[in-house]
Structure formats: structure tokens, C-alpha cells
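Labels run A, B, C and D following the written order; every chain starts at residue 1.
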């Protein structure tokens, strides 16, 4: 293996404080094989020095470099750009974090620090020789479509925001409600299948009876809560019980509710688990206040396990109480019951007062927001994770709050977690913006440090396919695993788990990792 | 060339800045303190093995990104002196106080060690704040007071101390302002009956977080021993007319529950009692915390607000509280008591806010409205209402998206 | 020569794992020099072979450091990583080698205290157990 | 597929202790798929053994390699020299692989590295369950597609037995009663009448009871005339 290596030592990072013996390091570098140029610069982050480095690199026609500097994240952008100008592939540049790994933490032990630095240099050189050039590719997004599943508060907000950054929004709505939002609106439509990857999805959408294909660059999941799927003894006992949002709509439309009105947090208060569905408190309080203001004579009860009047809705809580709304807290033991034979009275034990109450009611309202049943179908179609209680699971917060683990798929509102209208709207806007920005790029960047399969070794055991969070591996025409490069994020999970060692990760191949480790362990410090 | 001024380098400001920068808008971020991160700097990550979604790392990671961002101008130790309406936005004057430390600082802390001033005049960046540079408080530093001391300068291995550093006045023309000055924690000592400020081992949650963030362990301030019996008390300062904070601060239950879990992760044989009014944990439909508490023998959830904390025998603390349903009074001994304090909006009624035309509601929070936004002033983050980091991030992104729209309509 | 220096190697994910190390360094924290860091994109990339090979090549103890579980940049990477480590630990105990020599850790980018603690723990293990097969190696 | 499990390493260590030069051979078929004897496992085993030897200060040459299908002579042939060059071969394939090598090189020692278990189905990643014992006479068309021979602890043909309670087996309360499952399945298929039918005692001669079984396909066999090399010689 022939190579022409340039070694760059950054004084700013590796010398300050005066700890390491730069001359020795330089000497070591010069003496190692295949090193054609060694430079010591004041600061690699400094434009002038970068220019010098590049000049030298061109002149000595080096083909790879080892840079001893500081934290990768800080220097790599400019450094790599500079080297690209010198026509050197970014994956042939090995950055060594001398500053944070050697100089700073070992300030009191110069000898050991020096030895460690030298070993790290050796390791970097070993690795540099093994590095291979990699090209990043890009692919045009075929459409500007942002498909938004669900046209609730969050969905509509998302549509508005996405449209602002020039995306074509397609809103899928299960019912036939008419809306004023930009873009296409498909009623009676459901997402039933999907293929592809962030930027170029192929979605199967069931509109009415027929199923049609639709290309999409990004997907926003805004299915909201599963209001319609209220389950539990109370719901069973009282046929005409309504979910909160319905009650609210009726109220807006000027309908006078049959009193007294009883609002219960969940239809399954004595449920096996300690399940208290995060009851849309702000909405409930808003509703009862309006109700009380409209009809002061009406008796209104709110029955709950946990009063989650977050933030400013605490004030609404007070206001409601002052208006004469009766709040009753219960616990498992005294959970509300309704005699199915005469479903007009509800028995509940007021926990704080300890008395058992018999409440006659005209209207029974449930404020809980169960997880939406459709989530399962959608998560299945898009192959994204869910939580145990049936809502969509958000990806790592390292990425962003409203994202799923899969790039290009965003999620907002009660699909993630039961929320109030107001917050759902904000999340919708956030998700919409992100989707819009994602589409605006118009290109998918991919490749580089991604996984690759050696077909001869593959046993098509499907382990990689089951393990990958991004659906990148698939079984190709040759009945061997292949990697969908556009979907691969380069985490290497499939590589680590492949029982036949048929997959390897570019830039972090087994040999590269183990050789580096070996060299590092070779040093004595 | 459109530039946006962001006031406040906390979670809200940072998220807004990042969102804007990502779409090619240039931002000027003005932070009063010496490092980015706002409240998040001093908050601890609540996970040991498993993430508990406190969102702290999210804010701090953004801080790191913004500092690397070429399109973001970060001004630390700075205040916006004035913002006057100009065509296409505002002309803002920014005062930047000198730091007296250059970027060469490597955060070794030798300078702090040698500083002769009582309570030090040179400080490391607060908590996990970014960037990791020290700074000198001119008002305390002997070099400026007496004009001779240069101990820090002489000991600094990278000669990063620069007494010649001068204050700067910067003027920028921006076409929008994001007002995200965030919050101030309520001082637990406003509730003197709970022993804060009188008894050493009564700490506010803010202190607890700071210590956890620094050391990863909680110690008794009095004798530095590891506490074995801890009480966590909710709604200190929130939901109390006395302190004048009638609203619920929203995030206290979240951080307190997660912190309690962290405490038991680090030391399983801690006995922990959790006093609360209503358990308002965020994003937990299953009441995970209740389930968790049930599964631990050493954890008790007590629905009661303790009335008073008294000194007990051999350095312990005595906490008096009424029972959950019956009203008989019980007294329990603790090694350490953590008061979960709420928050107040910070700088919602500051001069700058007024000059920008930001009004406040009766609880003192800044009010965001369309009229303001049409003038290019956007209020976001916890200064507008109580919220946790994750919600802050979401809302900041949402707010900024409005601005995007404004510009297309406006200029 | 003085008493033998322990050899500790850590496979460190380039996201929060590395960030935690960097932050602690920038906070002026000191830790034993004998730790060697190998950067991997994600702890999910770490393979049992890497760990065993490191022990073969003379490491006294090996640790893997990744993002907090459920907060892994690649969603499930650090969970995978932990599984690999557990498997290796089991293999080691089967051949009668102290399984404490191998550990999995998680850290977030914001806790500066975590990394030095991890290092001192693993160095402690290395010092206590000494090199595999004694000094002669 | 055939599902196997790695032997406890201490057993393997013991087996190999006396020998200086060891070749570990894995297989890319069933055992790779059930994560027991693929290249990864082979490499990890070799590495673990090397670490062990390092500890014991034992000098032992260990080499690991993998073949496509160890139960077929041709594939094994490819690594013949490696095999014969060593004192002992540790087969990381099912016992079929181990025996194939053993039969090919009788004088050479070949030890098993795996415990060959079951004809299993991967229920989910990391979980394999037995669903066939290879009795040589399949009857699942009469039992709703569920094999009582393998899935019932007593291999009952006319179950369930008296020990079946709340869908669990009396032999081990962890196991579901196969006949309960069969009942459900037949019910779905509206073939419950089949459960009434008394099945005659099973002829086990097609199974292992009939002695070692050899399946021959005359039309597929090569005639002496076709055979090449020494195979042609009777």
C-alpha cells in the first residue's frame, strides 16, 4: 500500500499549554514511512495557515493527511473544505483530537502525555494508510409533496407552515370535513402503505374505495387523539356520553346541554394500570368556564384523579372553581361507578373530603384522549416505532422534538402524546416548518460513511433488516442483503450484528477500528 | 441582507437562532451572561443509563452549534441598550462588557485557584455553559480596584488573561427581534418557614441541580456527607398567593420527579419522600412516576404540603406535615430537603421590552400577539408562559416560522 | 522501570459519548493518561470482536461509551451496544476471566463529571486485576 | 432450519486444552442464521480462547474459518489443507457438519463446538421454537397445521391429555398445550369434527425407531458410469 501522507501539527491545540515536545512529535512524524510532508502551524482554524497547508499539500502532491488538533466538530468544516480545494477526499483526512484527549486532561504528567501523543500519532498514521476515499452523492427529490396525515388542529397548522416554504401540501383526512388550508385535501383518505426514504417516499393512499400511489418528499403525522375509541365501563354504561371535543363543538354551535354536566377524566377510572390518560386539562377548564358563563344555573362537575392544570391554566382552575364548578378528586378505591340499569346517576368517593357522592347527570363527558388506533396502521406502513400505549414514538431529542427516528418523517400533536389544542397547534407549526425546510433543500445528500454488503458472505438471515432503525438493508434480487444507500445513516448497527460478517461500514471497517486499537495499546504510558 | 436580533441565549433563543440560521437568515444573539445556555447551563442531565427526556442536552447542543455557526454573531456579557424603529425593522445598540479572557483559555482553572479575592473575581463558565472560557468580574478584581494584582495572568499557561480588553458598543440593523429572555427561578428563601437560608441542609432544587450537574452526587452542605433520607417538596413559590405566584410553573413536577429518579439511580439505598399537591408530570399518560414510586420500597409519595422545617437532633432536619386525608400532624426526620422552586418571567417588563411595545399579563408574563409580530417583534420561550425545555424548543421553532412568513409578506 | 502502567481502552461514540469527554476536558477535569479512546460513529457499531481483540492485544480493561439509551442519535444504537457488551461479559465469565474488565457506559453531552468517573472506575479495575496473564505478558 | 447453541466455553476450553494447533470451522447456513456458528461467532470464539490462553500462559495456535455448508463434502474439501494441517478441528456447525468432516478425515480429530438442538422456527429475532422432530410421516393436515408430535410433551395423537389445564401443559406450566392450540385452529377452520376422530397408533418405524434413516432418490443418483475419479471404483 503506497501513500503520500501530510502530517499537520496545530500549535494552538497541541502545544498550549507548553506540555508536549513538538520537535519530538515532528521528528516522529518525519521518520514514519509514507509521510512526505510535516508542518507545524499556529492554528488550523486560521485562514492563512489553512492556505499554507493546502499550498504545501498541492506542491508535495500528498494524497492523505493526519491533522493533530482539537475537537473534530470545531475544526472539521473549514479544514475539510480547504483540503477539498487541494483535491483531497474528505475521508482521507484523519483528525486527532490532541487538545481534549491529551493536552488538557493530562496537564500534570508531561512525560505520559508526550508518550500518549506519540502513540496517538502512530495510531492515526496506521489508520490514515488504511483509509479509502469515499464520495458523497446527492439525489433530486422527485416531488415537493409534504403529505400530512390527519387534518386536526396540528395537521392544519403543519399544512400552513409547510406551504410557506414552498412545499406542496397534501392533507389526508379520514372524515369528509371541509377545511380552508393550502394545498390538496383528500377526504376519506388513509395512509396504508409506504416505501422509499426521506426525500423520495412512495406512499399508498386509500381514498374512499380505491388505493392510489403518491410520491412524497416528507411526511407529517398528525393523527391526533383517538377520541372515537373511548373504551371502558362508564362509556359502556352511558350510551350517549360524548368526548370533550364534541361537547365543545356542540357548545360552540349554541346547543344547550342537558344538565347537570359531569366531566370525567377517563371512561375507565378503575383501570388495571394506574392509567390516567393525560386529560386535556386546559381544554376542559376552558370548556367549563365558557359553559358556566353561558348558563350560570347549570350544575357542572369535573371528576378527576390528577388535576394537571399546567402553567397558566392553574388560573383557569381557580376561575372555574370561583364560578361554582365542582371539582371532585377520586382515587382507585373510590373510582366513579355507574349503574348500567339506571345510567343517570354516578357514584364517586371524594378523596379529599372522604364522602361518597351520588351525582345525577344529564350529560356525561369524557375528557381523556386515548391513543389513536390509526397510529398502528401508519407506523406499520412507514416502519417507525411506537410507544407501548399506542402513540407514535418520537426519535432522539438530539435530532429534534417533533421528529421520528426516520429522516423526513415528522410527528406532532396528540399523535405523540395527548395535548391541548393550543400546544398541538404549536407543534404542528414546528413540524410543518421542519418538513417545509426539509423539502426546500430539494436534494438528498447520502453516501460517504455507509454500510456495504459482501454478497458472497451474506446468509440472508434478515438480522440486519430487523435491526436497522432506518430500513436501509433489504434482500435484493440475488437473494442477498443489500443496502439502500439513500436510507443508510452510517450508524453501523447492522455491521456490528451481522452473524456472517458480511457487512462492513466504510471509514469504520473492522480492520480500521481494530488496527487503531492495537496501535494505541502498543504504546506504553 | 436580512438579520434578526435574538435577545437571550437560553433554550428558546438558541432554538430560534438555530432554526433561523438553518434557513439562511443571519442572526445576532445577545446574551447577558458570560456563556450560552441560559437556565439549561446549570440543570443536570437526569439520566444515568436511560434518557429521561429532560431536554437539557438539547439546549446545550444547540449552544455548541450556534457558536460554530458562521452566520450567527454571538455577543456574550452583552445587553441591548436600545432598539429604535428604523425602516425595515430596528436599529439596535448593544453594549458588550469586556471579558478580560481571550479564546486561548483552556479552562484549566489555575487562575481561579490563585485569585486572592474573597469569593473570587475570576470565574469558570457557569455549569455546562458554552463556550468554555473563564471571565473576570471587573467590579471585584484587584487589578482594577488596586491596579496591581496579576496573579491569574502570571499563572495562566496560555496567557489568555488580557486586562486591556475594553467594552464595546455595537450597532446592528435588524429587521426582526426575537425576545426570549426566559425566566428567573423563585428564591426558595421567600418561604422562610421552610428553613431555606436558615438551615444549611435545606436546598432549593436549583442548587440541587447545579451540584448534581457538577459532581453527579448530592452532598449535605453542612457536613458533606451523602444524604440517606431526602425529602422533595413541590410547589415552593408556585401556586401560592403569599409569594405572588398564583400560576403553576409547569416544569417543577417534571424536573423534580426525574431528579428523584436520578438520585435513586446513583444511590439505591436513599429513602426519598415526595411531598406534592397535584402530581403534574408532563408527557406521562401512564403516570410512569407513580408506577416507578410504587415499584421502589424506598420511595413514598405524600400528597401534602409541609408546614414548617425545624432543626432536629444531631444535625438532622425535622419536617412537619399533615396527613393526606386525615389531618393529624406528623414530624419526620431528614438528612436533606430539596425545595422545588417555581419560576418568574425574566425581563418581561424591562426597558427594552417596553420600548419594543411588549405588554405583560397580570402574572407578569410577556404577551405575544399579532400586532407585535406585524411590527417584527416575536416573544418566545418561557418569558411568555411557563414551559419546559422541550416545549420551549417546539414553540420557538413555531414562532420563528411565523417570522419567515412575515418577511415574505413584508419586505 | 516503575510499576506497570495500566492499559485501558474505550470505544466512544462520536456523538454524546465524545462530547461528554470533550466537555470534561474543557472544564479543566484531569483523568488518568492510560485511557485510550477509539472513536466509532455509534456504540451500535461496536462488535464483540473489537472488545475481545483489544483484550487479546493487551488491554487490561475495555469500556464502551455511548449516548444515553432512548436518546441515542441513531435511536437504538446504545441499546444495541449494551447488548454486545453483555454478550462479551458472558463469554468472558464462561472462560473464567473477570467480566468486570468490560463495561458499558452512557453519558449525555452535558455531564462533565461522568467521563472522569468512568475512566477512574475502569483504571481502578485495570489496576486491581492487573494484565490478563500477569506481568510476564 | 436446524437450530444449535454454542457449548459453554469452559467445556470447549477443556476439550481443546491438550492440543497445540486448532482450526475452528464455522458454517454459513443454518447455524449462521441462528447466530450460533457464523463467521462472527467463530471469530469471537477464537478471540475469547486466545484471551483465555493468554491468561493461562498456554501456547496454542488458533485459526478460525468458515465454509458455505459444512454438511457437504465439496465445501469442506476447499479447506482440507487447513483441517489436516491442525491437530484438531472444532466444528462450529451442527453435528452434521462435524460428522461430515469426521467422516472425510477419520484419522483427524473433529470435536463439536455447538450443541445441535432443534428443527426450529425463528419466532422473533433471538427466539427459536421447536416445531418438528422429523418423525418421517407428517400428519399436520389432520391437526390444523400444528404438529402434536413436537409441540406436545407426550407427542399425543389423540389429545389433549388429562393434564392440560388453562391452555398450559402439565409437564411444564410455561409451555402452551399443543392440543389446545390445535383445537382453536380447527375451530377457525370449521373442522372440529377432526378432533373427535380417533387416530390409530403412530407407526414410528418411519422415525428414528426404525433405525438410522437414509433417504434415496434413485433418479438423482449418479450411475457408476457417470461418476468421476475414485468414486467410480466399487
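Here, a contact is a pair of C-beta atoms (placed from the backbone, for glycine too) under 8 Å apart; a residue touches a chain by one contact, two chains touch by 3 or more.
Given the structure is predicted, the values throughout are model-derived calculations rather than measurements.
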- Query: Could you name the chain whose CA centroid falls nearest to the centroid of all protein CA atoms?
  - Reply: A
- Task: For the pairs A-B and B-C, output the one whose chains share more C-beta pairs in contact.
- Result: A-B
- subunit A and subunit B: spacing of chain centres that average the CA atoms, whole Å: 25
- Message: For subunit B versus subunit C, what separation do you get between their C-alpha means, in angstrom?
- Response: 32
- So, in whole Å, the Cα centroid of subunit B is separated from that of subunit D by 61
- Note on the structure: So, in whole Å, the Cα centroid of subunit A is separated from that of subunit D by 42
- Item | Two or more partner chains touched - positions in subunit C | 16, 26, 28, 47, 49, 53, 67, 70-71
- For subunit A, what residues touch not just one other chain but two or more? 99, 104, 107, 396-398, 467
- Note on the structure: Where subunit B touches two or more other chains simultaneously, the residues are 51, 53, 57, 61, 64, 106-108
- Task: Work through the pairs of chains, note which ones touch, and then classify the graph as line, ring, star, complete or other.
- Result: other
- Message: According to the definition already given, which pairs of chains are in contact?
- Response: A-B, A-C, A-D, B-C, C-D
- Given the complex with subunit B, which residues does subunit A contribute to the contact? 12, 16-18, 73-74, 77, 99, 103-104, 107, 161, 164-165, 273-278, 306-315, 318, 351-352, 354, 371, 388-389, 396-398, 400-402, 417-418, 423, 425-427, 429-430, 432-434, 437, 440
- Message: List the residues on subunit A that touch subunit D in their complex, please.
- Response: 457, 459, 461, 463, 466-467, 498-502
- Task: Could you pull out which subunit A residues touch subunit C in their complex?
- Result: 71-72, 97, 99-102, 104-109, 112-113, 116, 119, 385, 395-399, 405, 449, 467, 469, 489-493, 495-497, 505, 508, 510, 513-514, 516-518, 520-525
- What residues of subunit B sit close enough to touch subunit A in their complex? 19, 22-23, 51, 53, 55, 57-58, 61, 64, 68, 104, 106-108, 157-158, 239, 246-250, 278-280, 282-287, 290-291, 294, 325, 363, 365, 385-387, 390-391, 393-395, 397-398, 400-402, 404-405, 408
- Where on subunit C is subunit B touching in the complex? 16, 19, 23, 26-28, 67-71, 106, 108-114, 117
